[in-house]
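Read from first to last, the chains carry the letters A, B, C, D, E and F; within each, the first residue is number 1.
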């Protein structure tokens, strides 16, 4: 899921990127003994994600900084809510502020957006999942944020599940045979998913016995037809240009999985601020 | 600026994140000898950025992959334009595809958005600059994208210029003295910028002789008054909630720099696709 | 699978471990201009694995070294066979020799042992798979070697499939409910496998609908009974102390997967030598 | 010898290899608050090695895990003995279990095997030493295990002692002169060892004044003759295909050092288990 | 400035370089339980620098080592002064001794030398600054040492200020235009400095409006003339072969900055010793 | 000795330290197509060292840069000599210039100083050796420079030879027994050296049979007496405050090794310059 080691790696890299040889402002203008108390405050409502990431960003440089989370990942909050309280050496808090905010704003932005998509499919059997369209280096964090918003994750990487797309299919002569051979060669724990562009491709895929079939850019009618044909022989995933306007209809076709690239590829950072009082 | 080493670091990290033990789909379903030709195609118009990044992402795993850029960073392109052509082993091109797209879509999204802001201030003396609200790990790339869009960069990090903000000022008794002392202690090459929230703070700052004064969240009237007071004693930067609706008016107040966090904190990836034909 | 990056990482680490500040013997006693021709020769028969690893170990320090593989991974060879030919600067070949041999001997040892296990189950439907009992740092290489020997891989790591073992089951009150909840929370691509110690546990597991059930340390009779009960509701894996003496009988019970820790936890390096002639 | 830093490096690498994005089984099925008590139990007798490595593997992810070693490295233990006790968060113990076992089983296997070789030469003046045929990345640990078993180490790497083998000798015209020159060029702290294949080579080597002479693949008679010729002019090492059947006879020839590649190149992991009770 | 992370990186690298597989002397000859008390003693007078570096070098391997600094960075000390007291496991103190001394002796050497240069310009308006002629890998530490000695730093690296030297100027046709364009392209926080070799170059540079002008290898007369011409249009830096014999005269010409490569390029380590008593 | 990998590590670290986000001067003021020809010129006479290091520093960023060495490491050169010629993209040559010079100036400074010490002992049997008083991170390079100057190296690190100093001896009850035990425990390739402060300590050390005895801070008379007592039972090393004034006398006492910390602890960078012509 999201491990301490993954968070540490991102936070350390970000802190170094942001201050390769220190924070010359704080070191010049803020007394070494000054203490800062700071509140992470919501400037707009949303669904929280990244509490642990925020805390680690604040405490990595100096473990005398204390962070108390007021809201759990996945919880909804209102405008004005205090999400976390921070206390520690002012120079450290001021230096870590931007890195901590950049990470938690992005994660909370993703969780908040995901929650809207998830709400839209409520009452159906469909789960909303992310894609590999994540920010390079931040995939583990962004996938956690999707889960915070009530969404689900797709495969983590190219290494842990097969997803045969149109480009792969284009080079295969006998699709059924190729998929059967893949199943034979791969670990028995490997999930095989195949993307099809039109209903005519389904027979060959079903004959091979795959785990999930993705119907890419299908009309609602074709989606319904696909779900019917596939039945319980495979899980059905809908994909391709699905928006908030269309996702409810897609979900009602009976698909089990709806993947939405927009959850992570175009994140709006949620407006969170750090209100600092230094003494 | 943007160095080969910085790009290499991001690309290698992204490729490993996306396939820690290989691309099991391509290795199972695509023949080792298969060759792919691919076009990077614009699904919408924009301003290009990240050509070298895209090329390095495509060629890092195997230097027999060839990439020919068709459009230079900073150039405008129309929907349907071919931005780059790729040719190489199909397994490699398919494995690198998502990483290359994730990076170039983000960078082109930033350049395209920046160009809109820059166009809005045309004819004024103001430059549009980015902030430290960048994606952790990608700052060098995102700042390059801002330049591709005609924008300018602010300081790279906390280490290379002083920016005294409200939180810093809050702990200083004699601001003029503190800033003079900072000037005395810091390298003569260090730029000092101070953020003020209201006009009354200007006297103390001007008395210290700083390089830039940021007027944060000022009304248009106060901005004009600030510009007038400061004159040529410092460069003037406007900041705080400036949007496409307001930036032209802000620029016309006479400020020299307008910083816009939205250039990088909430990026919409531009829709670019890789049309692959495998043989 | 086995990527160039994974091999590079192991080879570079091994070369540095073996000569942190150079090979003082070769640098002192061998002329810089001396050229070595070397044959990788089998001192006993076996199944080859690690050709690419051997080649990378030989060429990493100096790409003027040339390696020609004479046998492909997975091929059987006789005693005395030349598996690869090497030519290059003598100092480099002598320095890389031990690292290259240590890796290829281990991999070929694993492949050769695996092939014996695989031969023993020929004619049945069972596949022989490895476990996580691999050498720390070498898992990707050792798993490749298992495939070279005709074996299959189990999950790569704790991150890419669920395997609920006795210790996990011990803390769960309602196993069926817990497994159903896990299925609900995890990505749809995640394979769920559960280990049971006795037939009585099967009902609760089957009720949850898992993908694979591992029957751990079952008698042949209980294995047969387990296969019968489970039918096609899940894949069946046998595990626990299975040896060359027993594996054929285990396979004939009808299980689909037999995991054998001994493939990698106690490797006998195959006796391969490098016959070098320096001129 | 074996430093904390070396252990940390191996353990961190192994933990990441085994769970790049967490242990999805424990995180899904084991309550965060569950505590595990575990005993490291010997399923067969042996000589212990790797206590500190085991402890570090268990505590690296979470320093609230507590490990109490019950047996010291180098101590013999019986089947059923409890070698260490572990207590801590169940998720952590379950995630670290395999890595900790893989390391301690391998080290204890080496120590146990070494002890058998060492016992076989008891009463002679010969020491049993390891070779560079170690597992890439684990040399420091495996050499420690050899010491735990009562064996000795040979040079650590190509950088810290000269060992001129047949391939080096093949390119030297005047061996005596070359070795004298090497002595002159190298640090005065550098030990020089030369391998000879037949008695006739001894004169030239002795004339140069080396520190150790390795007699490679000599018959017992020739070994005795070599020891006699060399006298106290150099230390004598026997090497080449020495097994448990032959080592006592070899030792009685009067050699000072016997190197045995089998100590590390073909390790049988000793059967140690972790008996966990979770509450 | 000098961050904990920078010090950690240098110290860890140095400790590993000095003992890749442990300190075989201490581990063989010093009892594990032995405790050492040690004083860092000045064998000659000087200005201290590197207290925190010394402490981190001593405590990195084992945080039970305690270090109490007796003198602050920048303080003058006499021969015989105790600069720091150390107490901890003898093996650790003995292993870390050389690394800790190598660093603190170098830094104190730089601070002491700098203080002499700084004293020589007392009463003038000139600051003494370092250059990029620092030891690769130690720049942050050496620049801190310059500050300890009362000196100032020049730009940290090629990335954070423009310094146009003769070689750059040689390729520019219209210098004024080029510098104006650079100002236009670069962040508004970037300081621009230009080096000139003769007075005739000043007009073109002044016309462009740069921040600092370096007068390289000027006679005292020309320096005075340059200062006069430039007035308050730019800061003036003198550079080139300035020694302790000449620096006072240079300072009296009215320049604001004097850069001295000798502060760091040819350091004499100050003679500090560690007096250890082990019990 | 000095490996390509060691040089690469230092050079890459230095280039990144010196330009974390590029060389903003060259990128702004030098045309991308400009080509530089540069000569590495001696501003004073000396003994060259670091040719390969200089070449790697120049070519690491861009392998189209060409470097031709005109003088070999260890060769004497006169003032004005051209030591190397460089040709390549001007931006790259200008960016790498300072790093390349910092390294080659330091190494050549060490070689030149060493050669003076070595000349002073000509005609005696003593070798001049370095110590562990090297610059952290640069030990391999500095030791190579000592060899370039005709000096010899002492042990590389704490890991590869025993050196028992006064602090170690202070904690040992029975020195002879302790040293014999160490010999018994350590690899047979490990050299044992013991430092003594006065002649009375010799008996106990000689009784243990060590390889080298260091006479620390002995008068010339005591050195002669020590050499006489020790005879051929061990190599004799003189150490402690030996300068150019005293080294010849020390050498004539008959010692075999003279260690001089000043070779590396207080390096004067030799004055080498890069004369660049850009077109």
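Methods note: a contact is a pair of C-beta atoms (placed from the backbone, for glycine too) under 8 Å apart; a residue touches a chain by one contact, two chains touch by 3 or more.
The structure displayed is predicted, hence computed values, not measured ones.
**Q** Out of curiosity, which chains are bumping into both chain A and chain E?
**A** Touching chain A and chain E alike, sorted by label: B, D.
**Q** Considering only mean CA positions as chain centres, point out the chain farthest from chain D.
**A** In terms of C-alpha centroids, the chain at the greatest distance from chain D is B.
**Q** If I rank A-D and B-E by number of C-beta contact pairs, which comes first?
**A** B-E
**Q** More than half overlap in residue numbers between the two sides of the chain B-chain C interface, or less? Answer same or different.
**A** Different; most numbers are used by only one of chain B and chain C.
**Q** Matching over half of the contact pairs by residue number, can you pick out the copy of the C-D interface from B-C, A-E or A-B?
**A** A-B
**Q** On a C-alpha centroid basis, what's the spacing between chain A and chain C, in Å?
**A** 33
**Q** Nearest whole angstrom, what separates the Cα centre of chain C from the Cα centre of chain F?
**A** Using C-alpha averages as centres, the distance is 45 Å.
**Q** Round to the nearest whole Å and give the separation of the Cα centres of chain B and chain D.
**A** Here the centre of chain D sits 53 Å away from the centre of chain B.
**Q** Can you list every residue of chain F that touches 2 or more other chains, as numbers and ranges?
**A** 19-22, 24, 156, 159-161, 185, 190
**Q** What kind of graph do the touching chains make: line, ring, star, complete, other?
**A** Other.
**Q** Quick one: which chain pairs are touching?
**A** The set of touching chain pairs is A-B, A-C, A-D, A-E, B-C, B-E, B-F, C-D, C-F, D-E, D-F, E-F.
**Q** For the complex, which residues does chain F have touching chain C?
**A** Residue list for chain F touching chain C: 1-6, 140, 156.
**Q** Would you pull the chain D residues touching chain A in the complex into a rising list?
**A** Interface residues on chain D, with respect to chain A: 15-16, 19, 21-22, 24, 27, 61.
**Q** Which bits of chain A are touching chain B when the two form their complex?
**A** The touching residues are 10, 13-14, 17-26, 28-31, 34, 36, 90, 94-95, 98-99, 101-103, 105-106, 109, 132-139, 157-165, 167-168, 170-172, 178-179, 181-182, 185-186, 190, 265-269, 276-279.
**Q** For chain B, which residues count as touching chain E in their complex?
**A** Per the stated touch rule, the residues are 127, 129, 152-156, 159-161, 185, 187-191, 193, 211-212, 235, 237, 256-257.
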